[in-house]
Structures are given as structure tokens and as C-alpha cells.
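In this document, chain identifiers A, B and C correspond to the written order of the chains, with residue numbering beginning at 1 in each.
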Amino acid sequence: MRLLVVSLIAASLPFAGCANDDASTITVSAASSLTDAFTEIGAAFEEQNSGTSIRFNFAGSSRLAEQINSGAPVDVFASASTAAMQRAVDADSVESPRAFATNSLAIAVPLQNPADISDLTDLADPAVTLVVCDSPVPCGAAAWELFAKNNLAIKPASLEPDVRAVLTKVVVDEADAGIVYRTDLNAVVGEVKGIQIRDEVNVINEYPITVTTDAKPDARSFVEFVTGNDGQRILQSWGFGRP
Amino acid sequence: MSVTARIVTSVGDFHLDAQLACAPGETVALLGPNGAGKSMIVKAIAGLQPIERGCIRIDSTPVDEPASTTFIPPERRRVGMVFQDYLLFPHMSVRQNIEFGPRNLKVTGTTQPWIERLDLTELLERKPAQLSGGQSQRVAIARALATNPRALLLDEPLAALDAATKQEVRGQLRHFLTDFEHGTILVTHDPLDALVLADRIVVVEDGRVTQQGPTAEVASQPRTDYLAKILGVNLLRGDVHEGVMTADGGGSLVVSTDLEGPAVVVIRPQAITLHANKPEGSARNVWESTVLGIETHHDQVRVALSGPPELTAAVTHAAEADLKLVPGQRVWMSLKATDTDVHPA
Amino acid sequence: MTTVKRSVGQASTKAPPIVMVLAAIALAFLIIPLVGLFVETPWGQLPELLTTPTAIEALRLSLITSMLAAAVATVLGVPLAWVLARKQFTGQRIMRGIVLLPLVLPPVVGGVTLLTAFGRRGLVGQYLYDWFGIQLPFSTAGVVMAEAFVAMPFLVITVEGALRSIDTRFEQAARTLGASPRTVLFRVTLPMISASLIAGIVLAWARALGEFGATITFAGNFPGVTQTLPLAVYSALEVSREEAIALSLVLLAVSLTVLVSLRGRFLGSRS
């Protein structure tokens, strides 16, 4: 009987998941707006570096920073805002970051555009069901900055945990409009209608990337790849701006 | 006040086809083995089991007549029913149980008389879990009667009691039913209940009525093997004084009891022994009798003996052969006083 | 002959050692996270963290919506449980399976299915929106719906089980005493299952209180309107672990209080 208990415990150990059990896997936490671009970058990186595999974790940057600060076994952190990155920097969980892309905001509306949105100012109409990201999330912080910059008093219907959640609400035609990144519109071509916001009234987000303080040695090469020609080409093909 | 019923219905493989009637003031016992369909009959009368064909009338009003799609639901039939396990609502006090019916039917002033008549005043605030078997039965009866029903249905009223209490409660029930002005239908598998409590017996076996008639008649002349086996007893009514019972129909017996006054005596035919010559022994009741008739059943022979009082004895086939019993023959019979069962009438 | 030591008073059953070991592990498994929470709680900052408008709004909203959801679950669930327990009809097994689906369905999936039914372009929702201008997502009513959706099966299961366990002859007896079917239900049946009914309602309420996935997917997240306590915890995680822990503690305290006050009447056993 005692043997049964001991063997049960022993059998479960392999599933405990040691942090660095597989030396050739790099874990990357990236902002959800980077989902499509980074997935492509990851595939390209793996092609060039056979034997190494990339594992992605996409979510709101502020949450990713909290996870890293709590000790999540991550090697690389790519954030959608310097503010979120700063949290990790302040906690000494990451090394000095550097910018690798920029992004600006856009409005996504359902294909039928039920609320007839054509301009940023249309969003101020209280009858419009607008969704944005939660304030700590870079996309959300940028949205509020955008409204302040344009003197708009806006009351959203919901504060989503990340930008992809905002996009989803628009895709299923639950929201009349959502504030997303310009790059997100490229990811859902044909599913939503995009309304551009002019650069003069827009908010620009700078995206920093870095390795964590306990990252694997290979991690640095991934960062190099992202900031190098290959990475940059892919990022720009998805609509990101130069750093 | 009166009930007439012709019930034809099936549940699964079981098929019931019975006809019976109960006059005001009469107590009719439905007697039969378990599973015979007796409970189904009273449930049909109460409205808890709709019938497929036939007609049930209470006071000449049809309450269930499939042919004319008449069906009066149980709550409007005004028939009181006492269930086998009494089914007193466990979350209500005795008082609330009794007042339940009158509250629903909006009748007043009916509960107090029954509470007193059935001696329940001290039990009113108790919960059913705190009552004894006999007390529960009285509460169940009061609860059923507080609604002022037109008839009373009792489904195995004594089955849930232990042997000692059963005897006592049966006696009390007998007292009560004698004075009860409405018709009562009583379901039981215990022949003693039928004998002591009922005016008429309707025998139900396997969904059919196999015999019916006045109690004494059915008791002494069972026409089916089942009846003969469980019933076929001698039933005498009369007066008991100082251990001697003087039967209404003449004759007397020495019985074993402390009771005085009107009584009913039950004597099992098996308790009577027959002898060619006058027997010696401790039996108090010994006399010579004439064989009036012989009935052969598959496991016993029933011998009708002249009286008074007229009694029936049961012996084995072998004994019959030994004694060479024929009608008209003189034979000695012997019956112990302790082998008689006396009940207050 | 071996003498066995008897303990005076309650008869104790001798359990095999393996049972005690596994029971201890099970208890530890459940208790250690709670201990962890307590250890990490910023006790000093607690008053300030818990009196923020966000925290107060979230608690208020959670209490109101969970109670409403429990009420909805009860009003709709008791009749459903009654039909499942008392009636016989074809497809009953399938119906019961569907009723219990929210129990096994991931709550987020539950939220998605609610969207397809009651969202703006949903099966039923589109008529609500086009004809009456009612949009359930992003509203407090939507929160109540999401919570009721996941909570109802708990109530139905508990009540159905209780209804099956009581003797239906009591209901028959009541009918012979002049009680209409409605009177039977309210004065006999429901009182007889009162312990289980209460346990079912509390269980449903507790489930509604802790609901997250269906709420955030269907109703959205906005303080004061749809941001219940669990959603507030999730939001807080984006900013500060301390705030998340503090709010979690509130949820824990409220739930624990209610569950303990039930004093083990959970399992449907009637005294």
C-alpha cells in the first residue's frame, strides 16, 4: 500500500515541469497585438535554427509583466508599451530593453458598421457600444490617451483583458466599435471594417523587447532576430512601424 | 355516505376487475393476499388511481366514469383515507396535521370534536416522530375525519403496529366503527381484522372478487383455498361472564379471558380435536356432536359439527380416514379454553 | 483471543492506514493554497485596498447579481426539478443531460453559447435588440443571466434528488385531504425537502458568486455595471498582485462564512 503511494508520487514528478528541462526551447511572452507577426517570426527563426523551438505566450503586456515578476519561467518579453516593460525593469526581472517596433491605434467596426462610424468623434455618441482594453493594458492606456488628446468624453461598455478580446467582440458584432491597433486590422481582414485614425490625432506606442534576467543563453539570439532584418521585415509586413 | 364501484383497470401486467358496494354505517373489509389489488380498489375510490372502465359512485354521484369522461379529482371527493403507514406530515405538529384538511376545504368546527373523541388533546403539539404506533393511528383517523368525509377508507390500518398494540388498537377501532355513521371500507390481509371489524367481507384475489358476504357467513364457509387457509375460522358472538361465553345463537363455551360483556370469539378449526370416544384431558370444552357435513380441501378436511354452538373442525385426510367420518356420525369434540380468542364487541 | 480496546461513547470505525494518508494529502491539497493566500496577504494595506471604489463596487455588484441569479435559478429550477423527478416522458435522459451541461462545460464555452443565443446577433437576442433595443451583453442583466446559467444545474440536481427521495404517498395523502396540486407543492412537498432546497439555493448562490468565464465572455467587464468581484480580481492581476490578493480574500471570506453556516447540510441528507 505504501508502495502504491510512493509510486504514485514518483509517477507525477515528470509532469511537475521543471523550468529549464528542455534546453532548446525558448519561451517568449509577447503582447497579444504581436500574435500574428511573432508567430511568423518564430517559424522563420526555427527554420534558421534547427534544434531550437519557440514557445509563445500572448496576453496583455501588463499581465505578462506581472507574471514575469512573479517568477514565470519566461526567456523573452516583448511588450506593447514602455510602461508595462518598466514594471518588469523596476522589479529587476529583465535586462535593459530596446525598441523594436511602433504601433498606432485604429477603430474596428463590424462589417455592416451598424452604428455608422466614420470618424473618431462618432465614438463620443453615448448610443455607440464601444469596447476598449482595460486601462493597465497598453492598448487601453493608449486609448484613454487618445480620447484625452482629442477631448472626447467616452464611456465604454466593457474593458477587455487584451486587444484580441476587443477584436473578438467586434468580429461577432456584439460591439459597435473597438479601439485596436492598426496592425490588428491586418489580422482580421474580411472580418471587420477598419477606420483609420489620422497620425496627427493618433497615439503612438513604442514596443520594447528584452531577455529576462534568468533567461537561457539562446534567448538573446531570438531578440537579435527580431531586431534584425528578418524580424523587421516581417513586422513591417504586418503593419508595424519602425522603432 | 354510500359507495358503489365497478372497477376495471390495469397497471402493467396486473389486471383488476372488481365490483363492490358499501352502505352508510356499514364496514366492509377487503380481504386478500398481498398484491391482490385491494389497495388499488380503495385508491381508485379515493381518486388516486384513475380507472379504465367501470364507474365509481359516492352517494349516487359518479366520481370516476371513463365512459362519460367524468373524473372528480381526489381533493374534491370528500372521502377520508387512512394510509398504511399513516403518512402524518412529518414537518407539521399533530394539530397542524388534523387541521390540514379543514383548512383546505374551508370547513370549521370539525377538528375539536374528533380531537376529543379520539383522546388526542395532550398530543396536539407533538410532532409525528414523537408518537407511538397507536397514537399515530388515532391522529391519522382524526385527520381523515376532520374533513367531514362522506366515507372512510382504511388501508391496512393495523399493519404498522406490533402484535401487542395491534390487539388493543383493533378493539378500540371496533368500538369506534360500531358508532360511526358513515360507510367504511377497510383493506387488510389479516383475517382477524376482517372478522373483528367488518360487517361484510369482500374477498379479493389476483384482481378478482372471489367471495363476498356477511362476515360470519364468509368466515365459516370459505369457498376458496386461500380463504379456507387463512380464514375458515369459527366466529361466535355473544356475552362473556366469568370466563364463560354464552353465544347469541345458543350454547356456551369456556373461554380464557378477563373480559366481561359483549364479545366476539374466534376459534380456529385446527384447535378442535375429534375423537371416537369421550376423551380424557385438560380441555374444558368437551362434548358429543353430530357430523353435519364434510368438505375436502387439498391439505385438510373441514368437518361441520352440530351444536349449539355449531362449530367447524379441521383435520387431516389421514385422521378423517381413521375416524371413518361420514355425515350423521356421532363424534366427540374437544377444545381447550386457552385455544379461543376473545375480543370485545 | 485478542482484546480490542473500546472507546466509550461514539463507536469508532478502524480505518486502514492508506485511507488516513490519502485523506491527509487531500486536506493538505485544499488547505495549502489557502495558507499561501493568507501568508501573502498584505495585511497592513488591506483596509486601503478594500475600500477603493473599484473594490466596493465589485463587492456590491457581486452580491446583488449572485442573489438575483440564485433567485432566478430557484424560480426556474425548482419546477424543472419537479418535472424531471415526477414525470415520465421520452427523452427524459437527454433532457437531464442538457440541464446538467453547464456543470461540465467550461464557463467560457458557456459564455460563448450565451452569446450565440442572446447576443445582439443571437438567435433570440437579435429580436430583443431589433424590436426593443435591448442588449444583454454589457449589461448587469447579462451578468445575472451568465451566473444563473452556470448556477441552475446545482439547484436542479439537489432538488431533483430530494424530490425523488421523499415518499410520494405523502402527496397522495394531502390530495385526499382536499389539497389542490398547488397546495400540495407549497404545504407538503417543498417543506418536506426544505433542507435540501436551502442547500441547493446556497450552492447555486455560491457558484454564481464565483462565476468568471461566462460573465467576462458574455457580459463584459466594466466597473459598476458588469465587473463582479472575480472579474475585479482578474483585472487587478494586470496591475498589482496585492490588490488581487486582497480582493480574493474578500471572496474567500464571504464564501467561507456562508458555507460554514450551512453546517454540512450540503449533502442532501435530511435530519
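Keep this in mind: contacts are C-beta pairs under 8 Å (C-beta built on N, C-alpha and C of every residue); 3 or more make two chains touch, one makes a residue touch a chain.
Here the structure is a predicted model, which is why all the values come from computation and not from measurement.
With centres taken as mean CA coordinates, the chain nearest to the overall protein centre is C. The most distant chain from chain B is A, comparing centres defined as mean Cα coordinates. Note on chain placement: the centre of chain A and the centre of chain B lie 87 Å apart, centres being C-alpha means. Once the centre of each chain is set as its mean CA position, chain B and chain C turn out to be 54 Å apart. One simple way to say how far apart two chains are is to compare their mean CA positions; for chain A and chain C this gives 34 Å.
Within the complex, the chain A residues that touch chain C are 1-2, 4-5, 60, 62-63, 66, 69-70, 129, 131, 134, 136-137, 156-161, 169, 172-174.
Residues 43, 46-48, 73-81, 83, 85, 87, 89-91, 100-101, 104-105, 143-144, 147 of chain B are the ones touching chain C in the complex. The touching residues of chain C, when paired with chain A in their complex, are 16-18, 21-22, 115, 119-121, 135, 137-138, 216, 220-223, 226-227, 234-235, 237-241.
Within the complex formed with chain B, the residues of chain C that make contact are 167, 169-170, 172-180, 183, 187-188, 191-192, 194.
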